[in-house]
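Which chain is which? They are A, B and C, in the order written, and residues in each are numbered from 1.
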Amino acid sequence: MKIRSKRYAAGAVLALVASLGLAGCGSDDSSTAGDSGGGGGGGDATTVTFLPKALGNPYFDTSDAGGKKAVDEFGGTYAEVGPDTIGPDTQVSFIDTAAQQGVNALVVSGNDPQALCDSLNAARDAGTKVVTFDSDVDPTCRDLFINQATAEGIAKVEVDMIAEQIGDSGEVAILSAAANATNQNAWIKIMEQELADNHPDIKLVDTVYGDDDDQTSFDKTAALLSDHPNLKGIISPTTVGIAAAARYLSTSDAKGKVALTGLGTPNQMRDYVEDGTVTEFALWNPGDLGYLAAYAAKALVDGDITGAEGDKFTAGELGDFEVGADATVLLGEPYRFNKDNIADFDF
Amino acid sequence: MSAATTPVLELRDVSKSFGPVVALRSGSLAVGAGSIHALVGENGAGKSTLVKVVAGVYRRDGGEFRLGGQPVDFASTAESKDAGVAVIYQEPTLFPDLSVTENIFMGRMPLGSGRLSGRRIDKGAMHAEATALFQRLGVHIDPRRPALGLSIADQQIIEIAKAISLDARLLIMDEPTAALSGNEVARLFAVARSLRDEGRALVFISHRFDEVFELCDTVTVMRDGSYISTDRVAETTESQIVAKMVGREVGDLFPKTVAEIGEVVLDVQNLETAGEFHGVSFQVRAGEIVGLAGLVGAGRSEIARAVFGVDAYDAGTVTLAGKPVPAHDPRGAIRAGMAFVPEDRRQQGLVIQGSVGKNIASVIRSRISKSGLITAGSEYAAARPWADRLEVKTNALDMKAATMSGGNQQKVVIAKWLATNPKLLIIDEPTRGIDVGTKAEVHRLLSELAGQGLAILMISSELPEVLGMADRVLVVREGQITADIARDDATPENVMAAATRSSEKAS
Amino acid sequence: MSTDLLVEPSRQSAGQRALTTFLRSRELSIAIVLVLIVIAATLKRHTFVFSHDGWRDTLLTPSILLLLAVGQMVVIVTRNVDLSVGSVLGITAYATGKIFIANPDTPVVLVFAAGLLIGAVLGAMNGFLVAFFRVPALVVTLGTMYAFRGYLTHQAGSKRIVAGDIPANFEKLGTQQLLTVPVLTLIGLAVLAVVGYYLHTARGGRELYAIGSDPDAAHLYGLNVGRRVFGAFVLSGALAGLAGVFSVARYATAFAGTGRDLELQAVAAVVIGGVAIFGGSGTVWGAAIGAFLLVTINRALPILGISDFWQGAVVGGLIIGAIVLDRVLSLRRAHQLIEARDVTEEEG
């Protein structure tokens, strides 16, 4: 596998040099667009392969289900592949396989911004459109990123929720996923800024990593509570983390005393919202996210859009979307789930 | 005594083969109650195989086997144990991590009585019984200490205690005194006599004739896997037993040709390794076969290993053809012109899963390699002349060494070393485990090699081999060379005498 | 001092002897390390022990590893190893969830029994291959570790047992306490006591030690080596199965990756607890303390100001330290035993 990815890397470098030579000082976006011109959408059904960070994560189950719905709507062929553990390079072999199978589009949530680049670029050289969602990779190695929400939007909603729940003052901590998770780290950075700028009485005392593993997240929650006796709130911007933290809190003395919020799915959080452990948490609709990603992939394959800023396309029942800067499409604002509305959702 | 009417143990024409190798041809032995019966014979005469058949380790191929008059056939050691047979091996097998008591009672620890304690071991009773056993044997061993760290003698005592607690009627001791000091031997003998006086039957295997005569009442001689004779000790002599052990006309089997003795090739001076041997000095000349005789454990192999540099030594010098040989450096020894055929071919001499060709070529790899690569062709080209010369009976050089007979394996090992063009060949037990026919071939080969001017140092536990092959016999006893006997003066008696006189008498 | 004991047992009363053995035991030294760590963490943060959650977690968190370590110890003492326990735990954890999904009213006792049974069957597969086909345990259990995990991944796929699937009464068991001691810990300690009692007082237990001490001698002694080794693997599997049920009770979740890497933690706990990796010596008490130590260190290090990233290194250092200590102690002990014997020899 090593050897193969090296060969691809060499190929990718050659392609890059060639495109630079053609496009002169042009942007990467336009050069990749030029590359893909030859492929063209044929009469065959569009094949779209979803590659989540890992299988077994209900969040990705839902997003990929949304993707499948969209693919079925436009009459394409849907597939889902993925590793069963999260690691910087566990996705590489799946990308290589998809490229070899010549799928039209690959919809990826990247475990690492750089580690996948060689393989993704090799796939793109082979004619596969690469759309990232949830977690972006380096912009030079994908065609489009479907942003579930802006980092600013997510960070803000989480800070707002915790501030409301703890009365805008006291110690809080963050329970994140892996220490090298792209999106989590970006959100954390903005949350820190947001807290410093607008919530001077809230003190962020610790950030711990549960590696998106139930038991690790569970044990880290216990450690947070024991390390910080004055803790008033925990923000967990990961669905696995928030569920594990809620599980620990629900049986702990800290239940009802320490607020917990973050990003979670209604099914995982339902028990804890109902028993009062958790007041409110947020998420976009991952089903919509996968749905949008699939339509964006279709638009790329058909040549309707190239990923240039201002390109417009229609994503089924979600309506019209416009490509923003850095070949990014934004889904919308995060949604808040609480006692009043949680019963309306099932994912 | 009624015990004399029905022997406790009776074996008649028992045989056992391992593939093509016949280990036991027709072993017979009858031991009565209240008797200590000596079983003697050269190494390889089949004593140990016989013992293992009785112990249930091996299953005999043929012959009769009775215990207390009843025919028996043991499929496992557990069965023999249940039937009252206890075997004490040269190297006792104890569990080092468990206590002395647990070692004695392993597999049949006493359980407590009562409903609750009925499934747990009654440790108090067990320790008490062990203490009583040791008191009876007149030894001081803490029954609660682990077996780890006990001397061989103590371990044997534990084995004996186990045998007594099992109420064994037959106790077989396989060379129990080989590793014991004078005091320990005396203690063991006292125990053995008291067991005899209780009416148990004992079989005592030993190479030390003085011990046989001191302890035993009857002696059975074995040779080449067969029963030879049984005599009352009082009615026989050491030389009669030796004659029966050696048996054949020395020389018949060993076609030693007279070679021209040349310059000194190997010169060893005052070699010493603390605890193993000391003051060892000898020479081997070109064309000369020097036999290193002595009992197992006397230090012969250790001396050879030190000379070749496999083991380090504390003092002394080794010189080959006038040049000093570096200590503890087998590669240096090979470069200087030494070759070493070890005793255990399977473990040390042969790549047993490798082909014959590979094995022969293995020590000369650097010479036959071309820019670092060794091809099968070059290996076989180098190996072919040696295999031919030694008449290795294998159709193809790519046959696996493991599938060959012991004799052919030995020839492959010798061939392997001859490929280095040595000046000196050290060979340890050249014919152990080899059938009689091939033995003669190995001997003829050694004789021929000597005739071509090779100096040979041969270690052998088989007296006839030493007497037949060696131009000179060096006898090693307890780490010292105690006799240097020229070929014409060497007799089984004087070699055995020099090798077996036990330490009390010597000192 | 110590040599007196070795030479003349009669000079000391049984009580004195037991005390000496206890004071010189390997178990005591790691127990002291454990206590020191707990004290250090508590001094830094008194809630580490002196709070409802802290006290509960100190006792509860190690209970799963405790079960695995007890089973692993019994296997290791026979000079084998069971690397499949993490996968067995994963399978029974997932199965537990499936049982509740199928029938939320399943009695808890039945779920525990099912966990034990599934684990025992999987352990029997290991034991069968090791004991009767004479395949090295390292190879067999490495193979079944992957095979069991593969089966689980196939079955579970991307599905996950979530808290909503687990009935409340079973979830409650995960944190239920009896006189402030968590129920799961009590069960774990009861298992420990039974296994420990068996190993030290039953014939079978002593034979397990004998087999690990010298397998060839065990055959010569006529011990039924195959049956005992088989039994050890069945026990290890059954306890891993029980640990799978514990895992669901505690974490209220299970998926394809549940229990991954726990097998190595179990081996580490056993080794840290002073059980010789080549069998024959050590106690199940040591393995249990090793499990507590391993888990407690992970909880205490952040409090002591050592970052997450160093925890692996600390645990590694602990394992190597334990092995070096064992080696030094065993050499010294062998030396003492030989000396003790020489003294007897001179007296006698």
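Structure notes:
By definition in this document, contacts are C-beta pairs under 8 Å (C-beta built on N, C-alpha and C of every residue); 3 or more make two chains touch, one makes a residue touch a chain.
According to UniProt, the chain labels map to these proteins: A = Rhamnose ABC transporter substrate-binding protein; B = Sugar ABC transporter ATP-binding protein; C = Autoinducer 2 import system permease protein LsrC.
Please read these numbers as outputs of a predicted model, since none were measured by experiment.
Chain nearest the geometric middle of the protein is C, using mean C-alpha positions. Most remote chain with respect to chain A, judged by CA-atom centres, is B. Measuring from the averaged C-alpha position of chain B to that of chain C gives a distance of 45 Å. Rounded to a whole number, the gap between the C-alpha centres of chain A and chain C is 39 angstrom.
Each chain gets one centre point, the mean of its Cα atoms, and the points for chain A and chain B are 74 Å apart. The set of chain A residues that touch two or more partner chains is empty. Considering their complex, residues 6-9, 17, 197, 201-203, 206-207, 209-210, 212-214, 216-223, 276, 280-281, 333-338, 340-341, 344-345, 347-348 of chain C touch chain B.
For chain C in complex with chain A, the residues that touch the partner chain are 45, 47-48, 51-54, 57, 61, 153, 156-160, 162-164, 174-175, 247, 250-253, 255-258, 260, 298-299, 302-303, 308. Against chain C, in their complex, chain B makes its touches with residues 57, 76-79, 81, 93-98, 102, 106-107, 109, 111, 119-121, 123, 139-146, 148-151, 154.
Touching chain C in their complex are the following residues of chain A: 55-58, 60-61, 84-85, 208-209, 213-215, 218-219, 222-223, 225-227, 229, 243-244, 247, 251-254, 267-268, 270-272.
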